[in-house]
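In the two complexes that follow, subunit A is the common piece, with subunit B as its partner first and subunit C second.
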Partner chain A sequence: MSQVTEAVPTAGLSTDALSVWLRRADGRRLIAESIDLQVAPGESIAIVGESGSGKSVTARAVLDLLPPELVTEGDVSVGGVPFLRIGRAARHRMRGSEIAFVMQDPFTMLNPVMKVGDQVTAALRDANGRPLSRAARRAEAVARLREVGITDPAVADKYPFQLSGGMRQRVGIAAAIAENPQVLVADEPTTALDVTTQRDVLLLLDRLRRTHELGLVLITHDLRVAFATCDRVYVMYAGQIVEVARSDVIRRAPRHPYTAALLAADPPLDHRMARLRTIPGSVPAPGHRPGGCHFAPRCAFALPACSAAPVELQLTDDDADHRVRCVRAGEITLEPPTAQPGPEPAAALTTDGQPLVTVRDVRKVFRDKVAVDGVDIDVFAGESVGLVGESGSGKTTLARMIVGLTRPTSGTVEVGGVELTAGALSKEQWAAVRGTVQMAFQDPYSTLNPTRTIGSTLREGLRLAGVDDLEERTAELLERVGLPATYAQRRPGQLSGGERQRVAIARALSRSPRIVVCDEVVSALDVSVQAHILNLLRDLQADLGLTYVFITHDLAVVRQITDRVYVLNHGKVVESGLTSEVLDRPRHDYTRRLVASVPQADGVLGLPEPR
Partner chain B sequence: MTVATAPQGSARRALAPGLLRYVVVRVVSAVCVMFAVSIVVFLFIHAAPGGPEHAIGGELATEEQLESIRQRYGFDRPLPEQYLQFLGGILHGDFGESIIQKTPVATLIGETVKVTLPLLAFTWILAMGAGLALGILTASRPGSRLDRFSLGMTTLGASTPAFVVGTFLAWLFGVQLGWFPALGAGEGGLDTVRHLVLPAATAAIVLLAVTTRITRVRVGQILEEDQATFARARGLGRWWTLKHVVLRNAGVQLVTLSGSVVVSLFTGLILVERVFNLPGIGSLMVDAIHDRDMPVIQGVTFCVALLVVTVNLVVDLVCMAIDPRLRARLETNR
Partner chain C sequence: MSAVTQVAPVGARLRLPKVPPLTALAGVFLVVVAACALFPGFAPQDPAAINAAESLQGPSGAHPLGTDQLGRDTLSRLVAGARTSLLGPLVLGLGVTAISTVLAVAAGWFGGRTDAVISRIIDFFYSVPALLVAIVVAGVTGGGFGITLVVLIIFGLPMHVRNLRAAVMERAHLPFMEAAVTLGLPTWRVVLTHLVPTIVPNVVAVFFVTFTYGVVELSSLSFLGLGVPPGAPDWGRMVADNRAAVFTDVWAVAAPAVAIVLLAVSANLIGEHVQRTHEQSRKER
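This part shows the complex of A and B:
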C-alpha cells in the first residue's frame, strides 16, 4: 500500500478535513471533526465507534445525504472528482453510479409496496439512457439478485415484506451496487440481523469487494465485525478519529487508551472474565466535549497536559500506517486484552433440590405460527440460566410465559410453587408470582413511562411490595444499581440508554423478587455500557442471591453472565447444559453454526490478505 | 440471459382465495347496508306525525281526502307488502311522485344530479389536486415560508363558513372582476364549467385545509423514512421518488382521504348551491324538507346513501389493489 498520504488518489474515496456541524438557533456545534479517510479500490475500511462518536454522520456526510440542519466543511473525493464541490445535479448523478450507500435497517430501507426486482433495477438505463423494457428489467433484476446470492428468480416478483431480514439486506445491497459504483458505504449493515445471517452478509460484502473492486467503508459499533471484514480500522470517539491502523495491528497492539479500553470491554466468547473492564463516565455530547483530548476525562493515563491543547493524529514509530491521537502514545504501555479467566461455574452448581421455575412441555401457537414447541425448562435458586436463540426462536415468548404475561397454549409453568397455567389465579396468587419473578426489557427508551419521574416509577413497585419507608428505599434502590439518589427526581428523557437500563433493573428489583427475567437487556447498549450493566447484574446476583433467566442472542454475553444455557431454535430446545460446555463443545448442528458465526478476527471470515 | 424467460408471477393473475373472499364479503355487505337503508327510508313516511296520510295530505286534510290518499298510496295494506312494493319501485329506479311538483321523483333527481355531479367532481378535483400539490410541496420544504403560509391560509379557509367564502368569491370574481358568472348553472358544456368555477372553489377551499394537512403529514413522514434516503443515495430522481416512494406509500391514506372528501362534500354542497342559486340535489333536498315532500326526501336520502356506500366500497377495494401488504394480510388471517 502506498505510504504517501498527501497525494490525492484518483480512484476510490478520500476525504480531506471533512467536518460536520449542527446548526442551531444558539450557534453551531461540531459533530464530526476534520475526518480524513482513504479507501483504495478493492480495499475495505471500518469506522468503529460507540453511539455519539459521529460515525454515521460521517458516512452520510461523505455522500452528502445529511438532513438540512447538518452542514459539512472540507472535501470528499470520489474517483478523483471533488464530490462536494461539483453541482448538485452532477453530485446526484454520481450517487449510485460512483458511490453507493447501504443502510442499517433492511426493514425500512426498501420500499414496502414495490416489487424487489423493480427496486433493484430502478436506476438502470439502457445504452441510450432510456429506462429498460419490462423484459430487460426483469432479466437484469434476476442477474443482480444472483450476484448477491439470491438464486431463486421468483424473488424478483416478491415484495420486501415477504422476505427475511437477511434476504432484504441482500436486496438492498443489490440495489445499491446495481450501477457498479466504485465505493460502497455500508452503515451498520448487519446490526439488525441475526448472527448467522450477519456472517453471510459480511461474506457477501467481502466477495463483492473483491469481484467488483469495490472500496468498502463499513460503519460499525462492533469491533469483531470490523476486524473480521476490513483491512484497516478507523476508531472514532466523540467526533474525532482517535486511531487508524491495519486491523490486526489495532487488535493486537492498540495505541490509544480508548481503543484499548473498548477492546477490553468487549466480552470474549471463549472464556468468562472475572470482571468485565469498563470505561468510567460516558461519551460527551456534541457541545460538551472537553478541550484538548476528548477522552482525557475518562482516561486512566491522562495528565494535565492532555487537556491543554487539541491533539493531532500523529504517526506512531512502529508502523507508518498506524496513526494515533494521543500525546502520550509514545510513553504509555497499554495492556493487551489478555485472557483473565474468571471462575467457570462448578459442574454441580445448584441444580438439585426444588426448582424455582418449572416449565413442562409448553407450547404457544399464534394463529398459524408455532412460537414455542414443547419446551422443558428448570431454573434453580441462585443460578443464572441463559435462553439463547435467533429472532423467531421463541425465546422472548418463553420468557413472557415464565413471568405470566403470555398464556401457553398447552403445557405447564410453575413459578415459586404457583401453577400459572391452572385456570384463573387469584389476586393473592398473582401477587405471590409477581413478588417472585420480575422482568426487565430490551429497549431502554420505551421501557419507562416518559411522563413519570424515576422515583415515582420505583415507588410504585415498592408500594406493591408493601414497603413503608418509600423515600429511603427508593434512594437505596438507585444506589444499588449505581445511580445517585438524586436521580429519583429525573424523568427518563434526561437519562442515557445505560442509565435507563439501570432504572429498569431497579424497577424489577423494587418488588424484591427472587428471579429476574432479563430480555435482551444489554443488546441495545454500547459495548462499554454493556460491560457496566453486566458487572452490575453479577454484583446484584452476588449481593442479593438473585436468580436470572437471561434472554439474549449474543453468545459472548451468555458466556459472561450465565451458568447454564438452553439453545432454542424454531421454538424447540435443541441443546442445553453448562454454558462453558455448550459453547466450547457444542453437540447440536445448530449450536455449532451459531458459535461458528460469531465474527472472530482469525475465525470466520479470515483476515484479508495483506497487500 | 436465459432466466429472463422465467414465468412472470402467475399468482398475480388468479385472484388469491383470501382476496376473492374479501371482495365478495365487501360487496355483499354493501348490498346489505343498502337494504337496511331502504327499510329506514321506507319507514320515514310512517314515522311522520299523524301517520303517512297526514304527512302527505297536510294537517288540514279532511277524512275523505285522507281515505283517498290511503288508497292511492296503499297505506291500508300491511307494512311488509307496502315495503316490497317500495323496494320493487327502487330497484326499477322508481321513487314515486313528488307531492308538490307532481313529477316523478326519479326525474327530479335526474335533473338536479346534472348540476350536482359536475359540481361534485369539480370540487373533488380541486380539493384533492390542490391539497396534494400543496401538501407535497410543503412537505418537501418543511418550515419554509411556503409551509407556514399554506398552513395559515388553509386554516383560515377552513374556519370561515362556506356562505361567507362563497359570498366573498361571488362578489370579487363575479361582480367586481366579472371573470366568472356568480349565479346559475349555465347552459351546458363549457358554460357549465364557467358557472361551476366559483361554487366549486368555495366548497374546495373549506376542504383544502384537511386535504393539505393530511397530505403534508403523510408525505413528510415518508420523506423522512429510510426508503426515501435510500432512493436518494442511489441517485434516483425527484420524480421517481415522488411517484414510486411518496405516492405509492401514501396511496392508501390518500385514497381513503379522497373518499371521505366525497362524502363530506355532500353536506357542504347544500350551502354552496344555496349561495350560488344552483338547482342541484342539495337545493332539491332543502325544498323537499321545507315542503314535507316525503317521496322526494326518501328518494334523495336513498341516492345519497347509495353514493356513500359505493364510495366506501370503491375506496376499500382500491386500497386492496394498491397495497400488497393489505392483500398479504388477507391470505394469512384465516
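This part shows the complex of A and C:
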C-alpha cells in the first residue's frame, strides 16, 4: 500500500535540505538540520522524537508557520510547487487547499466564538469563487462532519467548548481537510486525548488518508502511535533525522543505537520487565550539540571515530529504503527490543493484616458533578497499587483524598490509623498522617517552587520530620534519587524535567513516609526519562520498603510498577485485582476497551473499526 | 559539569545590569528628588521668603527658575516641595501595596466566607469615586495631608486587591503549594514562604502603579487646595497658586507642572525596569 521508493516527485510533499535556525543576538543556532522528507499521496509517515528533537519545528517549517525568530533554509515541494519560494500570498492560498495542519490541542485550534459548522466550511467557495449560501454551507458542514465520524447534524450548530476533546479534534480535522488538501500535517494530534479516543482519531486519520489519497505527516513522541498508524517512520534526534525506514523494519530491526534504545526504553504492555532499559544522559540543547554524531556521548557503541566528523544518512544493506545516520551501522548488532522479556516478578502480595489505607464508600461531589462515586480501596504495606482510568474517572480526586488535600463529601478515608474524615483532626493526628503518606505530582514544571533552591525545598521536609543534620541528609536524599549532592544549590529552572521529578520524589521522601502517592509522575516525561524514573521508583520501593499508590492512564506503566490495580470509570471502580490478571484477562467491558485501545506493535489498524 | 553551571548564576548577578538610557535618566531624577526631600537645605534660598518687588520674574542669575507672584524663588520652592510630592505617593504606594496584598492573600487563599466578605467590601468601594470622596472628606474635616492619604489608600485598594486575588487563586493550587501543604508545613508558612514570593512581581507592579497615580492624584488635590495647607511648598499647590499668572510668567507654573510629570513618568519607567529585570532573572534561572 505504500509506494515508498517510487515517490513521484511532483505529487505529495517533499523537503530538500530543510534547515531551521534560531536567530539570536549572539549568532544563530541550528535547530533542525537538513531534513529530507518524502510523502507520496496516500502515504503516511511519522516523525518520531523526544522533546528537543526538533520534530515540531520541522513540521511548522514545512508549512512556513514558524515564529519570526526562526528562519528556514532549503526547499519544500507541495504537489510540485516550490512552497517556500512562491510569494507569501500564494503560500497562504495553498495552506488549507493543498497542505493542511492539525495541532495538538484541539481547543486552541478552533475559534471559541464561532459555531463548529461555520469553522469547517469557512474556507469553502462555490464554483464561481463566491462564498456559499447559508443553506449550502449548512449542508456541506453536516456532510463534512459525517466524514469525520460525527453523525449528529446538531453538532454543526454547537460551539467548540460544548464538545469533548475527541470531538473537537475531529472537528479540527474536518476543518483542515475541508478543501481537500493533498497533504495533512498533524502535530501530536492525539497526545491530549484519552487512549480510547486516541484510537478513534488515529483510525479516522488512517481512513481519510485512504479515501482522500491524503499524504499524512504525523508528528509524535509515541513510537507505538507511529508504528500503528504510519507506513514509514523518520526518527529524529537533536535536530537530525537519524533513521528512516518502513515501520515494521524499524520496529523489528532498528539500525541506529538511539532508535534501538528508544524502543527498549518503551515499557511493554504485555509483560513486566525486570528492569527497564534506559539511555544515559539527556538530549543536548541546540547550540550544545556535540560535533560528529550527536548521539555519540550517550551511545553504548560510540568510538572516537563517531565524534570525528559529521555523519551522513546512509542506505543500509537490509532494505531498499532503510537509511541510518551511524558510522557503525554495518558492524554493530543491536538486540531486537523485544528479544528479552524480563521475568515477571511474582507479585509479592500481603493483602492480609491491617491495611495502611482504607477507603470506604467514598463520594466526592463538585457542585453538580460526581467525581468519585462510592469507592472502596485498600492499600497494604509494601505493595504498589495502581489507580487507572481516563480523564474524568476520578482517579486524581481519589488520590487527593488519600493525602488529605480534598475532603470527601461522604464516606471514610483512614490512613495509618487516623480517620481523615472524622471531623477536625488534632495537630498530632495531622503530623501522623503527613509522616505516613506523601505525594508526588504530575507536572515537572510546577511541582517545585521556582524561587527556591533544591536544597531549601528538601530541607523544609526534613525539618518537619525532625531531622537535625540537614545538610547531610539533603545530600543523602539527592543521592538516593540519583542526583549529585551539588544539586542542592540549584534552582528548578536549571534542571531538566526528569531531574525535577526526581527532586519531587526526594521531597516526598524527606518526611520518611510509608506511602507515596504518585499522581501521573511519568506522564509528562519522554520515554527514556520515564524509564529512569520507573526504575528509580522500583529501587526505592525495594530499599525503603515503600508502599505506592500509583495514578496513571498508561497501562504499560501500570504493568511495570504496580502489583494490584483498580480500574476507575466515571468515579466508580469497575474492576480490580492483580495487575497481570486484569491486563491479561480483563473481565469488565470498559477494561477490555481500555486494553484494546493501546496502540499495539502490529497496529490498531488491525482491529475492526468501531461503528 | 555541575561546577560550570553552578557558577553561572553568580556571574549573572555580578554582571552590570544593562539599563536603557531613558530609565537611567529617570533613576537619576528620582535620586535628585529623594535627595531634595531628605535634605531641604539644598534650596538656594528660603522658599518662604516673600519679596513683592521681585514677583513674577523670569529666570535670572539670582532666580534660575524665576519667582512666583509673591516673589518667592521657584527653584527653592521646588526643592522644598519635593518632600510632600515624594512622601505622599510613597506612603500611598506602600500603604496600598501592603494592605491589598494582605487582603488579596486572605481572600484568594482561604476562599469561602473570607473571600466573600472581603470581595463584597471591595466591590462597594469600587463603586464610589475616590477623588470625589477625598474632596468631600477634606471639605468636611477641613482637609489635611494625613486624612487625604488615608482616603486615597482606602480607595486605591479595590483594583489591586482584585488583581492580586486573581494571581493568588491562580497559584494557590499549583503542585508545589499543595506539596508544601502535604509535607505538613503550617498554613502561615505555606503562605509566607511559598505563596507570597510567587506574587512578588505583581506586588511590585502594584506599588509603582499606585505611586505614579499618587503623584498625580495628590497634586490634583493640592491644586484644588485640599491637600497641604496653604503656603506650604508643594508642586500641585504651586501650579494652583500661580495659574493666574500663566500668561505673564509661564515659569512659575511650568516648573512645578513639569516636575510632577517627570516624577510620574520616572516612577513608571523604573517600575517597568524592575519588572523586566525580575522577569529576565526568572527566565535565566
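Note that the second predicted complex is superposed on the first by the 587 of 611 C-alpha atoms of A that agree within 3 Å, B and C clash if a C-alpha of one lies under 4 Å from a C-alpha of the other, contacts with A are read in each partner's own complex, and residues count from 1 in each chain.
Basically, a residue touches a chain if its C-beta (ideal position, glycine included) is under 8 Å from a C-beta of that chain, and two chains touch if they have at least 3 such contacts.
All of these numbers come straight from a predicted model, not from anything done at the bench.
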{"item": "Which of subunit B and subunit C A:Pro112 touches, first, second, both or neither", "value": "first"}
{"item": "First (subunit B), second (subunit C), both or neither touched by A:Met103", "value": "first"}
{"item": "Partner chain in contact with A:Val142 - subunit B first, subunit C second, else both or neither", "value": "first"}
{"item": "Contacts of A:Tyr159 with subunit B and subunit C, given as first, second, both or neither", "value": "first"}
{"item": "Touched partner set for A:Gly461, first subunit B, second subunit C, both or neither", "value": "second"}
{"item": "Partner chain(s) touched by A:Gly404 [first = subunit B, second = subunit C, both, neither]", "value": "second"}
{"item": "First, second, both or neither for A:Ala11, with subunit B first and subunit C second", "value": "neither"}
{"item": "Which of subunit B and subunit C A:Leu425 touches, first, second, both or neither", "value": "neither"}
{"item": "Shared subunit A contacts, counted only where both subunit B and subunit C touch the same residue", "value": "none"}
{"item": "Of subunit B, residues touching subunit A in the complex", "value": "1, 3-4, 6, 8-9, 12, 225-227, 229-237, 240, 244-245, 248-249, 251, 322-325, 328, 332-334"}
{"item": "Residue ranges of subunit A touching subunit B (in the complex, touch as defined)", "value": "63, 65, 92-97, 100-101, 103, 105, 108-114, 118, 122-123, 135-136, 138-139, 142-143, 146, 153-154, 157, 159, 161-162, 172, 175-176, 178-179, 367-368"}
{"item": "Subunit C residues touching subunit A - in the complex, by the definition given at the top", "value": "2-3, 5-6, 9, 174-176, 178-185, 194, 197-198, 282-285"}
{"item": "Subunit C contact footprint on subunit A (complex, rising order)", "value": "403-405, 430-431, 434-435, 438-439, 441-443, 446-451, 460-461, 464, 484, 486-487, 489-494, 504, 507-508, 510-511"}
